[in-house]
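Both complexes shown next keep chain A, but they swap its partner, so chain B is in the first and chain C is in the second.
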Partner chain A sequence: MQSLSGEGYKVELDAETDSIRLIGALRLGGLAEYAPLSQLLENALDDRTKLTIDLTELEFLNSSGIATLSKFVISARNRHHCALAIRGSEAIAWQGKSLKNLKRLMPALELTFE
Partner chain B sequence: MNGNQGEIREIRFDRNTESLDLSFWPGSVPLKQRWRNNGLSADFLGDYVTTFFPLDENDPATRKRQSEIRGAVSFIANELLENAMKFHDDSLPEPITMRLCLQQKEIIFQQVNCAGRDATEAFRAFVERLGSSDPGELFVQQLEQGAASEGSAGLGYLTMINDYGAELAWRFEPIADNGFRVTTQVILEI
Partner chain C sequence: MTQPRTGTEKGDRSIPFTASLTFRQAAVTLLIVAFLGLLGGAVELGADWRSMRAEIQEHTWRSLELVRGSAAEAAFQFNDDLATQVVDGLFAHREMESVVIRDNFGGTIVRRDRGDVAPASAMVGTLFGDITEYTTELHHGPVEAAAQHVGSLEVRLAAGEIAARFTERGLVIFSVGLVKALVISALVVLIFYFMITRPLLGLHTAITRIDPARPGDWPRPRLPRHERDELGQIVQSLDNLMRAFQQGLEQRDRARDENTRLGAELDVSRRIQQILLPSRAELDAIESLDIATHMEAAHEVGGDYYDILSHDGGVRIGIGDVTGHGLESGVVMLMTQSAVRTLLTSREQDMVRVMDVLNTTIYNNVQRMGCGKNLTLALLDYRHVSDPDQPGVSGHLRISGQHESVIIARRDGRMEVVDTDDLGFPIGLVEEMAHFVAQIDVDLHPGDVVVLYTDGITEAADEHHRLYGDERFREIIATHRDESAEAIKDAIINDVKRHIGTQTLYDDLTLVILKQR
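Our next item is the complex of A and B:
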């Protein structure tokens, strides 16, 4: 399993289920610090027809993280070949506020809350 | 033109007002170490305000409300502290300050940092653009541009406005050594 981690967060790519789980609180200092995560997300789109991003355990995401996730959604939209799903949690306040914006960027995005 | 946008409130410390103040000199420890304090401080402020929104076990809506207010305060405080730290000019003689003020119907954040002339001019230009644009459109525009370049300027402020219904204001005051004291105010209705 490919993964990334730092203080307070973990990112795991599960190739068998075509899913990436983001866990914890992500508040890195700007887009440059998010580059490894961007790269992991972008690479996961290669040779896949579907990919699920699981945010149900992501308690906090700062605006640089929102920018990173949004840019990834735009990239998936522009690359056409991969169906993207994002799973959020109703229990995590920021997700109810901000995830709907991703739908505006990619209308075909499958966004679900549990 | 001074570039101010909106009105910065004068906080009155009456019986209906609770407040917390933070102040620090970011240069005193390396930025990387200092950065984690943004999260700690922001989460503390988020937890602090929950005292004023108690849970009622017979009313599930109170849990949701508490969680939303904690999340909103934590997000906004974190963004303000991150921005302050990125733009503060440590050669100028004032610290970064952050005040959280809880009133009956509003939570007011006032964050102050110092910046040099060029940084202040660039920031004023962004603030003016924000004041004259549709924030929803500007959000999408910044991201679509960001998909091509590396820019994400102001996304935190746009998120506060669009997703949290916050009202933002700025004040720019000249200080010594060609610097400016920049006050950012965020008002969140509760």
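Our next item is the complex of A and C:
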């Protein structure tokens, strides 16, 4: 299992279930600090036909993180081969509007709220 | 921070010699050694006194015993020549004051007296007065038992002479004792000075040279051969203390510098936010609209934006909220204001084109900044209407861009909420967003109120983290919609403040009220 972690957050790629879980609160300072996460997401698209991003335990994501996630969704959209699903939580305030915007970036995105 | 030190505050005041450690130590040592020396001397002198008395007595008796035979012979025969020889022999000793040979009737046969003897003092009398008189009886005969008493031999010793010898010995003992005391004191003082006083003085000098601003750089004294003793420990402890002070000072300075920097940054951010807001005069010049605005920066300044720009064809109103807080958010807000104004000046009317150019501009700059900031932004184009074909309609509003909802409180009591989520996309988030831009047109009638706001209002939290909320917000608008724009604004802001209570303001509060005249 591939993973990333830092103060207050954890990112786990589960190859068996083709899913990436983001847990905690991500407030890295600037786009450059999100490069490892960006790389992990991009690499996960390779050789896959389906990928699920699980955000149900991601309490906070700052604007650089949302920008990184947006860029990833556009990349997935442009690469066509991989079906992308995002799971969010109704209970987490930042996700409502932001995840709907992701869905607009990639209409094929399968967005579910729990 | 640090007061310049004045001379009187300096620690290196000269110590009066009599108060110095060396002097006090010398004085105490001298007193103790002198006292012990005197005590020892007195004991020695006492012993001397006793042995001297015994010696004098023994010596005198022996002398008398030696001459007793001759003296008895002289007394028996009344031989004056022999008696004179005996008395003169005894009298040759300096300490003899008088020597007398008497016959058995008490008459003097021969007598010698020393005339130049000074009378003995009281002390001499006490010390030696009891051993000055000696008398031995003279007998003549073949055997002791049948001897005939023929007279007596009497001598008196000169007490003053004996005392002079005693005093001389006493002086020697006292002088030797004094010299011993002085030498011991000097040795102890020298040892004390080199072992303790001098290193202490060195330490004291080092302490007086400590710069209170930089205690860590204190001139730590080198005390050779004291590394492992108490002095070495004092120096080590002081050194640790100074280093700890230095660290504390540095931490304090860093925290202060960081606070100053943050404070200065917040001041700049606050200034940026306020510096380009439309003036009251500009707003009053717009005849067809009654306008009131409120913008209040949070403690940690956010990136709220609003602008009201009057132009030939009407009024362009912008409201937005840059993500995050601080200087970067302020800079993005400033760029947005400038870009919106530039597009207006270039007479760009097409909202899709306006949003596209804004997005590209902000996106590219934010990429340079590397901070991933973006903003919600709604632009509203207002135009005054006086068309006989549209009776009752006084204004026209075109709304575009994604931001909070636009609330329209109609004069007849209806409340309309325009959701802007599908009218645009966050500016600066993605490279291309033109195809997400849409617009809604709204007619305004006299008395209609349009309310624009940022989430700082609806998400203002009270002490129990309860948000102010859309519902309460709409209620207060509905209650006050008949009043002037200023009165509506005041009512809303007061209600929000009541809700927040004493809580810190965590997000900027921005409110724009447009009322169709």
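Criterion: the second predicted complex is superposed on the first by the 114 of 114 C-alpha atoms of A that agree within 3 Å, B and C clash if a C-alpha of one lies under 4 Å from a C-alpha of the other, contacts with A are read in each partner's own complex, and residues count from 1 in each chain.
One rule holds in what follows: a contact is a pair of C-beta atoms (placed from the backbone, for glycine too) under 8 Å apart; a residue touches a chain by one contact, two chains touch by 3 or more.
On a predicted model such as this, the values are computed, not experimentally measured, just so you know.
*Asks:* With the two structures overlaid on chain A, would chain B and chain C clash, or do they fit side by side?
*Replies:* Overlaying the two complexes on chain A (C-alpha atoms) leaves chain C and chain B clashing.
*Asks:* Should A:97 be classified as contacting the first partner (chain B), the second (chain C), both, or neither?
*Replies:* both
*Asks:* Could you say whether A:8 touches chain B, chain C, both of them, or neither, answering first, second, both or neither?
*Replies:* A:8 sits against chain B, while chain C stays out of touch.
*Asks:* Just checking: does A:71 make contact with chain B only, chain C only, both, or neither of them? Give me first, second, both or neither.
*Replies:* In the superposition, A:71 touches chain B and chain C alike.
*Asks:* Determine, under the contact definition given at the top, whether A:105 touches first (chain B), second (chain C), both, or neither.
*Replies:* A:105: touches chain B and chain C.
*Asks:* In the superposed arrangement, does A:89 touch chain B (first), chain C (second), both or neither?
*Replies:* neither
*Asks:* Tell me which partner touches more residues of chain A in the superposed arrangement, chain B or chain C.
*Replies:* Tallying touched residues of chain A, the top partner is B.
*Asks:* Who does A:56 touch here: chain B (first), chain C (second), both, or neither?
*Replies:* Touch partners of A:56: none, neither chain B nor chain C.
*Asks:* In the overlaid three-chain picture, which partner chain does A:19 touch, first (chain B) or second (chain C), both, or neither?
*Replies:* Neither partner.
*Asks:* Check whether A:31 is in contact with chain B, with chain C, with both or with neither, and answer first, second, both or neither.
*Replies:* Both chain B and chain C are touched by A:31.
*Asks:* Kindly list the residues of chain A that each of chain B and chain C touches, one partner per complex.
*Replies:* 30-31, 62-64, 66-67, 70-71, 74, 97, 101, 104-105
*Asks:* Over in the complex, which chain B residues touch chain A? Could you list them?
*Replies:* 31-32, 35-36, 38-39, 67-68, 70-72, 74-75, 78-79, 82, 86, 139-140, 143-144, 146-147, 150, 152, 155-156, 159, 162-164
*Asks:* State the interface residues of chain A toward chain C in the complex, per the touch definition above.
*Replies:* On the chain A side, the touching residues are 30-32, 34, 62-68, 70-71, 74, 97, 100-101, 104-105.
*Asks:* Mind pulling up the chain A residues that touch chain B in the complex?
*Replies:* Chain A reaches chain B through residues 7-8, 25, 27, 29-31, 60, 62-64, 66-67, 70-71, 74-75, 78, 91-94, 96-98, 101, 104-105.
*Asks:* Within their complex, state which residues of chain C touch chain A.
*Replies:* 323-324, 367, 370-374, 402, 421, 425-426, 429-430, 436
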